[in-house]
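After the structure tokens below, expect a handful of questions from me.
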Amino acid sequence: MAMDKSGEAIVTCVDVNKWYGDFHVLKGIDLEVTKGEVIVILGPSGSGKSTFIRCINRLEEHQEGQIHVKGTELTHDVRNIAEIRREVGMVFQQFNLFPHLTILENITLAPIHVRKWNKADSEEKAMKWLTRVGIPEQALKYPGQLSGGQQQRVAIARTLTMEPEVILFDEPTSALDPEMISEVLDVMRDLADEGYTMLSVTHEMGFAKTVADRIIFMDGGKIVEMNNPNEFFNNPQHERTKLFLSQILNH
Amino acid sequence: MTVNTMKAKRKFDMGTFIRANITKSPLLAIWTVALAAFAFWFVGRSMIARPLLTIPVVIAWAATIIWMVRAEINKTHSPTTLWLKGNLYNSITNALLSLILVVAIIGFLVGFITYAFFNASFSEDPAIAKEVTEAGQLGARWGSVTQNLENLLVFSMKTEMYRIWASIGLLVGLSIPSLIIFRSAKFNRSLIRRILTWLWIASPFIIFFFLRGVGEAGGSNPFYAIDTEQLWGGLLLSLILSVVAIVASFPLGVLLALGRQSKINGVPWWLTYGTAALLTAYLIVTFTLPNLEVAETTGNYIYALLPLLIPLIALFFQKGFKGNVMAGACTVFIECIRGVPLITLLFSGILLLQLFLPDGWEPNKIGRVMVAMTVFSAAYLAENIRGGLQAIPRGQYEAADSLGLSTYTKYTKIVLPQALRIVIPAIVGQFIGLFKDTSLVALVGLSDLLNVARRISSQQNWLTIRTEPFIFIFVVYFVVSYAMAWYSRRLEKQLGVGVR
Amino acid sequence: MADIDPNTTGSGNSLTSKLFDIRVIGVIAQIVFVILTILFFAWLARNTVSNLGKLGDAQFACGDGTSDYRCAYNFMRGAAAFEIDEQSIPYDTSDSYWRALLVGALNTLKVSAWGIPLTTIVGVFVGITLLSPNWFVKTISRAYVDLFRNTPLLVQLFMIFFILFAAFLPKVDEAGSLLGIPIYFSNRGVSFPSLEFMPNGQLLRWLLLGGFVVGLIVWYVLSRISYNTGRDTKGPFVFLGILVLSGIIGWLLSGNNPSTQSIAVPDGSAVGVFDDIAPLVEARLGIPLEDVEGALADGSLSADALEVGQLTVCSTLDSAAETNFIEKLVDANIPYDMSRAPSSKRFFREFDAGDCEIAVAETTVFDEGLTAGSVLTLDEPRTVLSIPRFIGRNFIGGGSFSAMFAALLLGLVLNTGASVAEIVRAGIQSVSKGQTEAARALGLSEGQRLRLVVLPQALKVIIPPLISQYLNLIKNSSLAIAIGYADFWSVTNTIVNQSGRALQPILIAMATYLTISLSISSFLNWYNGRVRLKER
């Protein structure tokens, strides 16, 4: 996967709307993510940013609008859902490793059962990714025996072994102790450099500034502002964005 | 202990002591005096009845109190005196209670030991037993138990003991390698461990084959089919029934739990109500109207109005379960079984099961009881497993979904393995309950442990002898249940349930 | 969610794509499930119909010679023709199966109504002693709990009934009083004194009961006020005050009602008023009544002579009139022999056959169908303290529990009590140490700490499993059949044997138990929901 920002759209969202009962969470989100792009989504809590990326792989259901991933529309059709979930990986705030399986089994489970690769191939690829994230020696341990940062790196390896087109990060560092955040961010930075398409919800401003191609600011279920990092941080257009940034910078 | 040590450092003050123990309130004073009077009377009685045992106890009581009080006043507590202070003599009330209780325990034990050993007869000859036990005041005739030991344990299977030995052999043969293989981490992922696990899972079925047998008698097959109703009984039957119930109810219990828990899309309301309305309308025309005419003479209106239940049922499923009929049906099944006493299910099994089965299906009494106990067990098991399912965090489902796992893989590889591990102690607990509940089959005429014990009193040799067999089975039930409960608690600690 | 929203259907509206729609798949699965379930039940129903057909038309006889499914329950109106030993309402063998079931249900209710409060008392007491600082107390309660929780209830019941009651308790004629109090334990059961309210005293009874309930409510309200304001509201004293006050009002109001109890004598009897009885019996025995006991003891009056001379009395079983009358006879030292009919029909039969000189009953009973003889008034107080006395072969007067009832109650209470004890212990322990320390730090006294901090939190943990234990107690009371107490299930089983029909009685019984269970568990759900709401 070389640096290839060819402009081919991988995720396309058109007028996505979602309600929780009467509560309008997502209000007409439009977004196009091109191949190799790194997008960071910022916003106050409750702005709908997590809900939005969880809609992309159908952990949440949107009620109006269209989401396309690599040309496949996300509908109620189970075949489409399966197809999209194969191509979209996700890294969670709470890691969500399977505690009863070893690290290696955690990683190879989906390749074997979803990609239908054979066990040897899956394990080889898993080990490759574990080496990449720096913890090959932990392969036979159980998640409970690992530190939070190591668990999150395993979760990233688990996602990447599936060779997804897009990776969604849902606040991947929020549940980590401060000294472990950087080890996870380093891995994410490497991935960005290699040209992976990434959508990340995070509060790490440094990461957003240096790595993102585009920054999206969401509030009240809408995309308020969307710009490149330089413009976004130095010359915010919208009042709400200015307020948000001032609150964060003063902090 | 820390509190005690701290108190020990404080200087002992007689005034404080008396206030805390006697004069704090009039009620406390009355209580202390009354308790002291009762202790005096009670210990005095015991002193007259059993001076040799009571006097040393009273002396020991007084001596340890003096020892403890000296240590308290001089602040020279040793671990022993601290324990005495903390556990036996921490107030006047407790010091008196300790004395009363120890004397009462001695009285009870002396009475029981005299009955069970000194005045007892261990002879299996009823004449000798009668003579020996009537010489003393009250003595046990253990001959009634020892002579019936085989009946109590295996009943008529005593003629087929090789089947039991084969079963025990299998269990022992599996246990010995298990002790090594399941303990050491070396075998963690090995094939041999997997084989052993499967053998354990298969063992109930193999043992069932040993005990029941297949095929005709004669020929070279030693495990030919036997008449279980005639032969099975005693403790063996109780164990068989509880194991069969828990094993057979397992798949059903898992399905019921998953069904009740399921979030499958429900039937849309217009479909439910539409079908219900059409069906009701049809039945009103073809059934209710003609029957209402008949009811004008017989007064049997309820029968004619039965079709009106259909809209109610539709409303129940739609409102209560959002049209998820599967969840609704599983819930109804579970709650109905849990809502009735086991004994009604056992009687239904014996009296009604035959009515529901087609010609040619004629399970014997044991088979019918097994069906009833399995159904009973499945409902309770389902609730236990559901508890386990609810304990799985949502993140596990989401991780599985985000990886694109199919629903089947998600449940078999991720959810169920974790949920079942959480509920192992609960399942052991349920097994203990089932084992105790097997005693109910005595009421439908099977020869289980309880019934064999009950029938001893009608044997020629041991007419009216009830106490000894009942004490024996009480002990058997207790030992088996308590051992399993103890093991379950150990298992719970090992699995670290609740400390994910 | 369930209904299909036309806005969100995606690309491809072909039939195949519809079939892969997750919502459609769900609905199809549901419908397949419904069809399979219906097929299964249809199969069961077909088997049942064919099997019932083989049993013959008599199963569903309508009584007019025809036979039809809609007459399945008609037989329940027929005469039960079996005796029931214990009954809270009049019952006779000529009464219907429905009435027999009702008698059984009331017996189940009776054992549950006694069992639940007693279980609570035992469970709370033992639950606290399980946490006692005294090692002996703790160990003994632990032994009790472990022994009763690890052995089957049925075995416990058998041991209580056949060993404790049959072997250890004295025969009924040898039963001694307990420490001088007239409570008699025998292998027939327990007899104890009881305060009986006569029809005249009914107002008093209801006012006392009402005062009790109102007092409890006021006590509860006062304790809430005390909880909220910290003022000592003296709840127990207010409660006692209300109780005493309602007793006094009841006593004053209930005195002047006309008499509702009567005695009847056959035509031509020498008894015209109650006071005629004593001279009559005295004349027959030939000695003053107060000397009878002494004469029996020194042998100057033979037992046979007493039997001939004593007064013979008929009564209906356990009526207030009987209690009242016996107390009067005892006060006047009149020796008597008692025949107690379980139903008014038999009572009249015995009286008409001349089995007794005096019949005693509520006046309304006489109004029902006394054909001969004259009815005399019986002086009637508000309440009678009735004390059990051994007469003939039985204890008469006072309250009594049969051995079956007592054994069942004892077994249920001890067994359920052990479980409740564990629940109470766990509940108290669930209140974390931090809470106790916080309370101490706030300077609350030990009593305040228990009342204000520990108890409210512990109760939240205790109450739900406690109610399930009550439900268990009710369900387990069906084991009464093992020791011959005529509870609901036992009567059902008798009906099955008596009528030759199994399906209908068992269905009725299961439906009844189910109704009880479901109402209790829906109450529990409601309670849990409410508690959870408060915790948020």
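Brief remarks follow.
Chains here go by letter, A, B and C, matching the order in which they are written, and residues are numbered from 1 within each.
Quick note on the criterion: a contact is a pair of C-beta atoms (placed from the backbone, for glycine too) under 8 Å apart; a residue touches a chain by one contact, two chains touch by 3 or more.
Model, not experiment: these values are computed from the prediction.
Ranking every chain by how far its Cα centroid lies from the centroid of subunit B, the top place goes to A.
When the C-beta contacts at B-C and at A-C are tallied, the pair with the greater total is B-C. Of all chains shown, B has the CA centroid lying nearest to the centroid of every protein CA atom.
Mean C-alpha positions place subunit A and subunit B at a centre distance of 49 Å. Each chain gets a centre from the mean of its Cα atoms; for subunit B and subunit C, those two points are 27 Å apart.
Centroid to centroid, with C-alpha atoms defining each point, subunit A and subunit C lie 65 Å apart. Across the assembly, subunit A contributes no residue that touches 2 or more other chains.
Contact of a single residue of subunit C with at least two other chains is seen at positions 22-23, 25. Residues of subunit A that touch subunit C in their complex: 63-64, 66, 73-81.
Taken in their complex, subunit A has these residues touching subunit B: 57-59, 82, 85-86, 88-90, 92, 94, 96-100, 109-110, 113-114, 144, 158-159, 162, 168. Listing the residues of subunit C that touch subunit A in their complex gives 5, 7-12, 17, 20-25.
By the touch rule above, subunit C contacts subunit B in their complex via residues 1-4, 22-23, 25-27, 29-31, 33-34, 37, 44, 47-48, 50-52, 62, 70-71, 133-137, 140, 146-147, 150-155, 158-159, 162-163, 166-167, 475-476, 478-479, 481-482, 489, 493, 496, 502-503, 506, 509-510, 513-514, 516-518, 521. Contact residues on subunit B toward subunit C in their complex (touch as defined above): 86-88, 90, 94, 97-98, 101-102, 105, 264-271, 291, 298, 300, 303, 322-326, 329, 335-336, 338-341, 343-344, 347-348, 351-352, 354-359, 432, 436-437, 439-440, 442-443, 450, 454, 466-467, 470-471, 473-474, 477-478, 481-482, 485.
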